[in-house]
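A single structure is presented below for examination.
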Amino acid sequence: MGIRVAVAGASGYAGGELLRLIAGHPHLELATATGFAQAGSTIATVHPHVRSFRDVVLAPTGPEALADADLVFLALPHGESAALAAQLPESVKVVDIGADFRLRSAAEWEQYYSGPHAGTWTYGLPELPGQRERIAASTRVANTGCYAVTTILALAPLIAAGVADPEDVVVVAASGTSGAGRSAKQHLLASEVMGSMSPYKVGAHQHVPEIKQASGARTLSMTPILAPMPRGILATVTARALTGADPREVLAAAYDGEPFVHVLPAGQWPQTGATLGSNSAHLQATVDVDSGRIVVVSATDNLVKGAAGQAVQNANIMLGLPEVAGLAVDGIAP
Amino acid sequence: MGIRVAVAGASGYAGGELLRLIAGHPHLELATATGFAQAGSTIATVHPHVRSFRDVVLAPTGPEALADADLVFLALPHGESAALAAQLPESVKVVDIGADFRLRSAAEWEQYYSGPHAGTWTYGLPELPGQRERIAASTRVANTGCYAVTTILALAPLIAAGVADPEDVVVVAASGTSGAGRSAKQHLLASEVMGSMSPYKVGAHQHVPEIKQASGARTLSMTPILAPMPRGILATVTARALTGADPREVLAAAYDGEPFVHVLPAGQWPQTGATLGSNSAHLQATVDVDSGRIVVVSATDNLVKGAAGQAVQNANIMLGLPEVAGLAVDGIAP
Amino acid sequence: MGIRVAVAGASGYAGGELLRLIAGHPHLELATATGFAQAGSTIATVHPHVRSFRDVVLAPTGPEALADADLVFLALPHGESAALAAQLPESVKVVDIGADFRLRSAAEWEQYYSGPHAGTWTYGLPELPGQRERIAASTRVANTGCYAVTTILALAPLIAAGVADPEDVVVVAASGTSGAGRSAKQHLLASEVMGSMSPYKVGAHQHVPEIKQASGARTLSMTPILAPMPRGILATVTARALTGADPREVLAAAYDGEPFVHVLPAGQWPQTGATLGSNSAHLQATVDVDSGRIVVVSATDNLVKGAAGQAVQNANIMLGLPEVAGLAVDGIAP
Amino acid sequence: MGIRVAVAGASGYAGGELLRLIAGHPHLELATATGFAQAGSTIATVHPHVRSFRDVVLAPTGPEALADADLVFLALPHGESAALAAQLPESVKVVDIGADFRLRSAAEWEQYYSGPHAGTWTYGLPELPGQRERIAASTRVANTGCYAVTTILALAPLIAAGVADPEDVVVVAASGTSGAGRSAKQHLLASEVMGSMSPYKVGAHQHVPEIKQASGARTLSMTPILAPMPRGILATVTARALTGADPREVLAAAYDGEPFVHVLPAGQWPQTGATLGSNSAHLQATVDVDSGRIVVVSATDNLVKGAAGQAVQNANIMLGLPEVAGLAVDGIAP
């Protein structure tokens, strides 16, 4: 008998990915999956790829459907987690995939999101120093944002080591379309996206305060770009060098022994395709010959390390399971 | 201590997929992986997605590297398996991913392939009636072709049941580019393929005799099409109806209980994306209102059910392991 | 001073393509462009690629906006052309991109479309024998469907010559996503489409009666497939051979001198990418060695030869302009 | 009788695009097209999309084939233009698409390219102040690099106006695969590219000195990224703001009246898809709220404004033709 987990908001892409990971997890069992407009539908019609749960019917999203699970994953639109979480018993562990509880600063929340700040939960990025232990001791964990985790992994050790300047960090990050969700919007149509790249929210992306909070960056420009691929984030993170240290070596030392963060052999650069379906982040770094800037490139699968896989990793830690259980280190390529 | 398996020809796409599946398999252990031009390279450089084996170095392909494995997967170019297989001890089980030993007819081999016919091994498609038992009793198994397995699963039960006419079967099947291999060829460049569809080998594809042999079709036209996606086969298989039977029901009955063959709910059509990374085939069928032809659509991942996953499924059977061990039923989408 | 043309329904993909072609046409001048929900918007926001008309504002769709044009292109949803066309003066020439007036048979219209049959206009496929003259003499022309024109060009000369059997024709045709229109629908999202192929309307597609009417086919199965590319149709058309004639030679003779229909050199197969942005159809044919079926493959750009380009070609004929004016013979590749 | 132009190196992607543009140009006539390995092949087989020249046979590349043209386009690998150009009579005008003659500094040439510096020709970017006149007076013009032109258009007016800091400019630019050429290389295979993004030449790209020379930037980090699309460059260009000026207004003023450089309406961001097949660059700019950096995004078609279209624009100026002749302002979308 496995540990019983529930997925609230199971009809979206992150929800579907949670279902896939739970189906393949050796210690977790699906208690329930809920939806809004699609409540009453089978998984067979909502996520035809998740054959394991094909006959499961989505329940309506609400505390009654979720309260008897050991752990609940919230995969809800931003701003909708707080109300639901408040209705769950304290004995039920919760991992929130949304943004509601990520930020410490209410002022920053209000600047980048709408509505009041719901509060602050333990930040769910175990590879940060000391964070694994904090997650293990928590019953409420705020999962990382997809751009955020991809950027923070590239940046935090370099700033912590005094190697990269926390001022004037510049990030340009391309994401696959699943990061924009499953709602039918014209600019996300295949016809509009295939063969094209386009930036959005230029000059003010909501992941900026999360990245600064967790990486130590003090000022940061981030330009997100929609790329013609279903999954994957490639973040190019640049910061002024403060020392002559090799940034690759700093990263390699920081992540030595981490199962999911891979600093590639020198000279080999990440490609998002190599992370597909895995919970791995691939990193490489160098110093630009003309400007002297440190350039780090970081690749993840936005639905795994950027969302559902990260959530399962956090849940594993919270539940005392092996941290890697049910998660792939190897991507699917080509 | 797991069962020791080897992969000959590990630098190609099917070889890489075998490595990924072996890394995640609960009962298999990688004895060795071999290459030709890339012998001496690490998996980290050849298959950056297979992090589990990143420090494994490809050995030169030859019997000495392979002979102490319990089972060898041959993922070699067509025509190169026979010579190597002949040098392996009979005690080593072999699954050949190539075409060398699939056909019973030497005449058909010579018509569609070049060089002499090497012989005939047990055909590795366990979902055919009686075939699972034959595979279990074999030490040499010829894995299915990717177009072939996708088409045969759609067609064989309908012909066997007398529902579909074995004469004048028409198949049009689109494949992702990984089916064409990893050799650098101009027509396989991303620039040439993206945004374009193109047929090839029209009028005479080498999978035709394999499909006829295993499905019972007597005459068959198959047009293969290169599609702008890395993986996946979508086969549209049409045959004249001989009775008024519902072809979907015939297929559903034939595959009842099969873990990897999924006849979708009535009205829901397969999409290759839902099979990505899984060993599943998705099927649906109807009768065309104008012509009365039966139309079956079948979707697989050409590198999994069409190659490496099918090979592991066969190996599981040959080794007395659970048939589903190490294989995903659920695809990765989107 | 050019001939004044109007586009009704200019906010969709076919409408946008008409605007692009009109902007580059040496003899046409845009009188007005109309929309429904987007009336009042500039072309700059609706079609950012059509810089030539960036300051043009979409007028509401209605007869008053259109009646003073010399020729009106109707790019409306199926079923909406008839009411609008009835309100246009007879002196205004009309090319309807929709399906309303394509079919001769009211019974077939009612079987495949909804609502009453509006009537029958001259069928706008100039490459059919005698059709160019009929179009020149018409003030009302029904443009071809995209799958239909791609298939008819491949099939009609072979049936007319007695070379291909009109019974039991089998067509499998893949289309880029722009053929499905610009409405925001979940199954057309980039996330759902990229990396995947999926059939739809299997067993009963509404272009079947149009293809039969114009090609002479008597029974026909057509399976349409959504392909991960923005544009292009690749139709694989197979029919039983009635004679030993070389189907390529029959097609080459039929289209000798046609500016937009290109039978490729023997052995070279069409690819949709080579037709992008052009009004050309590329054809090739052979006889399948196993079944003896004739296999013709036909490629077009669904928005040009399949919609807007064909409409301009018809307009050129109706207006007494050079038939090729404003239309590209050469595609854009890669 | 048109002006006679020749294309040396017509078998590659830039060469094919030149052929397409020449075929549609009202004043140019193709004198000859040459190739290396493909000399002797017809255009029909080398560029199946360029139907207009289908029967043209590629001549061997050499001065004898080219010397009687009025103008020669050199579309050769970097480093091969100088030797050929030296053998052409001074009366033959030359536009070199390659890099050989772009840089003023021999030292920078030697740092970023191999071999000796060939010299410096007039830089072929007419939208730079005074450059149109210099091009008109030249018989030898060095065409812009694709990343370079996309970045320079975004940056030069801001530095010239004293609005953007020329120190510490950061550029991240994604390119479609055609920018990497047509040679068959494994990492450019469709299987490797589709669904993936990957950086390359990180820390030292050869367009850096060209961008600095033409834009006034003093230090510059540029990270190029291979994107899963056949064409298009999206450059994200960031620089510290030196004043409170609105960077969009500076750009709009600089390019007022330019036919091919389009500063989009405020708030609308460029997408590469909207430039496909056109000679247009689309620009937008803002100031990042957190860092205060100016962020400019620039989109072009790398084979048109980034190569062949820019070359034709330069040729038009050199030949006294209308600058826009034969070039599309409008892209092809979707």
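Descriptive notes on the structure:
Lettered A, B, C and D in written order, each chain numbered from 1.
As a convention for this text, contacts are C-beta pairs under 8 Å (C-beta built on N, C-alpha and C of every residue); 3 or more make two chains touch, one makes a residue touch a chain.
Because the structure is a prediction, the values reported are computed rather than measured.
By number of C-beta pairs in contact, C-D leads when C-D and B-D are compared. Seen from the Cα centre of chain B, the chain whose own Cα centre is farthest off is D. Between chain C and chain D the centroid-to-centroid distance comes to 34 Å (mean Cα coordinates, whole Å). With centres set at the average Cα position, the gap from chain B to chain D is 44 Å.
Residue numbers of chain C whose C-beta contacts span two or more other chains: 13, 176-178, 189, 191-192, 194-195, 228-231, 271, 273-274, 276, 333-334. Chain D contributes residues 168-170, 172, 174, 176, 189, 191-192, 194-200, 202-204, 208, 212, 219-223, 225, 227-232, 234, 236, 238, 240, 269-274, 276, 284, 286-293, 295, 297, 299, 333-334 to its touches with chain A in the complex.
Against chain D, the residues of chain B that register as touching in their complex are 13, 176-178, 180, 182-186, 188-195, 228-230. Only residues 13, 16, 20, 23-24, 42, 44-45, 47-52, 54, 177-178, 194-195, 230-231, 262, 264-265, 268, 271, 273-278, 280, 282, 328-334 of chain A touch chain B when the two sit together in their complex.
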